[in-house]
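In what follows, subunit A forms one complex with subunit B and a second complex with subunit C.
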Partner chain A sequence: MSQVAANTVSLSWYEASARQRIDALVDAGSFSEFIGPELREISPHLSIFDLPEQFDDGIVVGRGRLDGTPVLIAAQEGRFMGGAFGEVHGAKLTGLLRAAHALKEDVLILFDTGGVRLQEANAGELAIAEIMRAVIEARRAGINVVGLIGGRAGCYGGGSLIAGTCSRLIISEQGRLSVSGPEVIETNRGIEEFDSRDRALVWRTMGGKHRYLIGAADVFVDDEALAFRRAAIDALKMHGRCDVAVLEAEQARLARRLQRFGEAEDAVEIWQTLGIGSPTDLPALPTGAFLRAANDRETADDAR
Partner chain B sequence: MTLDEILASLFPNGRKLETTDTTIAGQAILPDGRPIHVLGVIKGQPLGVDEAITLAGRVIEIVKSGDRAPILILVDSASQRMSKRDELLGLSEYLSHLAKALLLAEAEGHRTIGLLYGGSAAGAFIATALAAATLVALPGAQPAVMDLPSMARVTKLSIDVLKAKAEATPVFAPGLDNMVLSGGIHVVWDETAPLAPQLAAVLQRPRGQDERSRLGAERGGRRKAAEIADRVIALAAAAHGRAQHG
Partner chain C sequence: MEKLSFRLAAPRSAGGTRAQAIVGVVASGNLEVLLERSLPPDICTIDIATAAHGFGMVWDAVVRDFAARRSAGGLRISINDGGARPDTVALRLAQGVRKIEEPER
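== the complex of A and B ==
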């Protein structure tokens, strides 16, 4: 029996690179990469736009151990093309999920993405659809697919739809989960609808605290690699199934959310409805106090 | 073709469908007398939390009925609704929920066929048409991830430059031909012939795996995706094997 050891150095998840996140997440020295950068499987499309390629196309996929248990891992690099899904990038994740199904191994997806890479939009969009299908096929075989959200680029666009197929989501305050980004809403609907430069508005509408409170994420953690590691170990003890009962429960959960909060103009109103004493103070609360205040939040257990 | 013309050509034996400003739902009769469920997002409207939950609820009811009848998903939409309210309420979950419901229906024995007869884009396209087991289109359909003017803003390239680049590759520009070449659309129907037999032909295809990346490779619009995914599967299997026997 090999010793299970984690990297214990403090590391901000938000600041870390994809490779640093994987190293800090898995048991020390246990990760092996598939199609690593030495193979130079670059995007065949970026040169059309005179854009630089990256040898891993902005995603690291492979296999490691988490607390001794084998697990398949994908980590997006938000600092390359905003972590966006292109053809090669997406296909690496599709392959990993199909492998998970075949090998009966759980999957961790470390999201850090603005969504579909526009320079290869059609390939990226189809990759999202293929990945969502592969997630559900794996989950129907009982595989856990756990999403971790706390990166620089957030989890936007098609990435947020993939997150919605995961069996469990772990999020930090810095994690943002949303389909349309702030700039996209402002461009399409005007600054009166959404002022993308109002950072407080962005965080309270799309950020980790709000998502945890409405049950869009299951676990709220500090911006620390070790906190993500501990939460991932716990998440893999759940079951990932996705059947009629789960979707019926999700239908009821999401319908209830519209009923309870559908008229709210701002996140603060939702937090008030949730019974939070001084909702305007919520964004400033440290994790411990926030979690105590979030006691009566909406949850998604067995309904995701 | 208008929606009414499409429905008349698809279901000459009868149909009972209700439409709202944004959605359609109901049942129709196939040429062989069997029923088919019909639902969709219509009239070029965006797909938001309210429409997604309604459609998903309908799909889950169909699955629970246990009839295992096919489901046709009609799509003529805009993109996801881009609004503060939709995002505040967690739109990503609602769109994923709809996609999951369609994938669940397929896994529970319903054939799911998407028919793209108008526009669709981004999150709305992923949550509806692209969640069907087989996606077909009519000529004139306009799938897109983002329109070229918006793409020009984001990529900081002029529309003329983007148009010139689109001549060289099907990989980024909006349009039906590009989505066909990329493998996203199985077949484009002939609108000058009756649609009912063309639907029957799709329903007769054997159930199978996700074949879109293979189609993309064959058609030349997406040459790498299938190969990369297969290599990852083989490498994961080898790593798994080493761990089992090491």
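== the complex of A and C ==
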């Protein structure tokens, strides 16, 4: 067995690029990319709109080792078109998940996405459906599919739907997870419903701490590549089932959650109901104190 | 998109042995630079696709300065540009030749 070289790079997950995240996540020097930028597998749609292309179409896929174990990895680049899914971008992730199924290897998805790319919406929506199917098929075969959320673009739209199918979600305070983004809600429901420029509101509604508290994410970590690495190593040791009984239990859990918190006007009310001592102080708590305060959080997804 | 191509004489060949390197990202005011070691050691080509039209003269000055001052020989360089300023372009190109010089792991 080859020697495991622990990665000791200190790096803000939020600030890092997709390639920097992968390098800091896996065992040092173990990553090899599939369909790299030199193959120029670019979007066939962007040139129609006279928009700039990126050689990897905003997603890096490949294989590396995590604590000595081979894993397949996909990392979205949130700065290129908001990390949005297009035809090629989506196909690279679908292919990786199908490879995981065939090779019987676990998958890490480093989400950083606003959802589907508007310029190739049909292809992007189809890609989301194909990816979700591929995730479920892999999970049914016993493969772990772990999502890591802590990038600039958050994890929105179709990306959040894919995250919902993952076997485990790791999130940082900076990570945001929601189907509709702040601007989308404001546009459709008005500024009185949701002021997208109110950063505190955005973070306490969609941010990592809140998502962890209501059981939408399984693990809360610091905005640090090493923390994500340790959490990913632990997550791959879990062996959750994915069958009808588990999904029915999750449906029941979500119904209970809606009943418990459905009337809440704001996340702070939910934290109060959870029995958190001084809920308004929660956003300012450092990780250790937050995790202690979060002891009575909602149980995490039964389907994971 | 405006497409520009340069074929330049390069006095110094690129260091290291890596076959390729990539730096940067295509975003507003930013660019990605893909470097591939695939040419004779005294030649450097640079192909640019840019969202900002009409800046051919500025690109000409930046890439000529780059080829003259950095170790760029043997490199086929491809750029996707999201409207980066000339100083950002010069820094990314310099970052790219440094990256391709890094020892292979």
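In this section, the second predicted complex is superposed on the first by the 299 of 304 C-alpha atoms of A that agree within 3 Å, B and C clash if a C-alpha of one lies under 4 Å from a C-alpha of the other, contacts with A are read in each partner's own complex, and residues count from 1 in each chain.
The rule is short, and it goes like this: contacts are C-beta pairs under 8 Å (C-beta built on N, C-alpha and C of every residue); 3 or more make two chains touch, one makes a residue touch a chain.
Model, not experiment: these values are computed from the prediction.
Enquirer: Using the overlay on subunit A, decide if subunit B and subunit C clash or can fit next to each other.
Expert: Fit - subunit B and subunit C, as placed by superposing on subunit A, sit side by side.
Enquirer: Does subunit B (first) or subunit C (second) touch A:W203, or do both, or does neither?
Expert: neither
Enquirer: Looking at the overlay, does A:S178 come into contact with subunit B only (first), subunit C only (second), both, or neither?
Expert: Touch partner of A:S178: subunit B, not subunit C.
Enquirer: Residues of subunit A touched: more by subunit B or subunit C?
Expert: Tallying touched residues of subunit A, the top partner is B.
Enquirer: In the superposed arrangement, which partner chain does A:E248 touch: subunit B (first), subunit C (second), both, or neither?
Expert: A:E248 contacts subunit B only, not subunit C.
Enquirer: State whether A:Y14 touches subunit B only (first), subunit C only (second), both chains, or neither.
Expert: In the superposition, A:Y14 touches no partner, neither subunit B nor subunit C.
Enquirer: Quick one: minimum Cα-Cα distance, subunit B versus subunit C, in the superposed arrangement, integer Å.
Expert: The answer is 14 Å, the least C-alpha separation in the overlay.
Enquirer: Considering the complex alone, what residue numbers of subunit C touch subunit A?
Expert: Result: residues 1, 20, 22, 25-27, 30, 32, 34, 36, 49-51, 78, 80-82, 105 of subunit C touch subunit A.
Enquirer: Okay, in this complex, where on subunit A does subunit C touch?
Expert: On the subunit A side, the touching residues are 17, 19, 28-29, 36-38, 40, 47, 50-56, 77, 79-80.
Enquirer: Spell out the part of subunit B that touches subunit A in their complex, as residue ranges.
Expert: Those residues of subunit B that touch subunit A are 49-50, 53, 56-57, 60, 63-64, 80, 82-97, 99-101, 103-104, 107-108, 122-123, 125-127, 130-131, 145-146, 150-151, 153-155, 157, 165, 168-174, 178-179, 182-184, 210, 212-213, 216, 221-233, 235-237, 239-240, 243.
Enquirer: In the complex, go through subunit A and note every residue touching subunit B.
Expert: 32, 34-35, 41, 44-45, 48-49, 61-63, 70, 72, 87-88, 90-92, 94-96, 98-100, 102-103, 105, 116, 118-130, 132-134, 136-137, 140, 157-158, 160-165, 177-180, 184-185, 187-189, 193-194, 205-206, 210-211, 214, 216, 242-244, 247-248, 250-251, 254-255, 257-258, 261-262, 264, 266-267, 270
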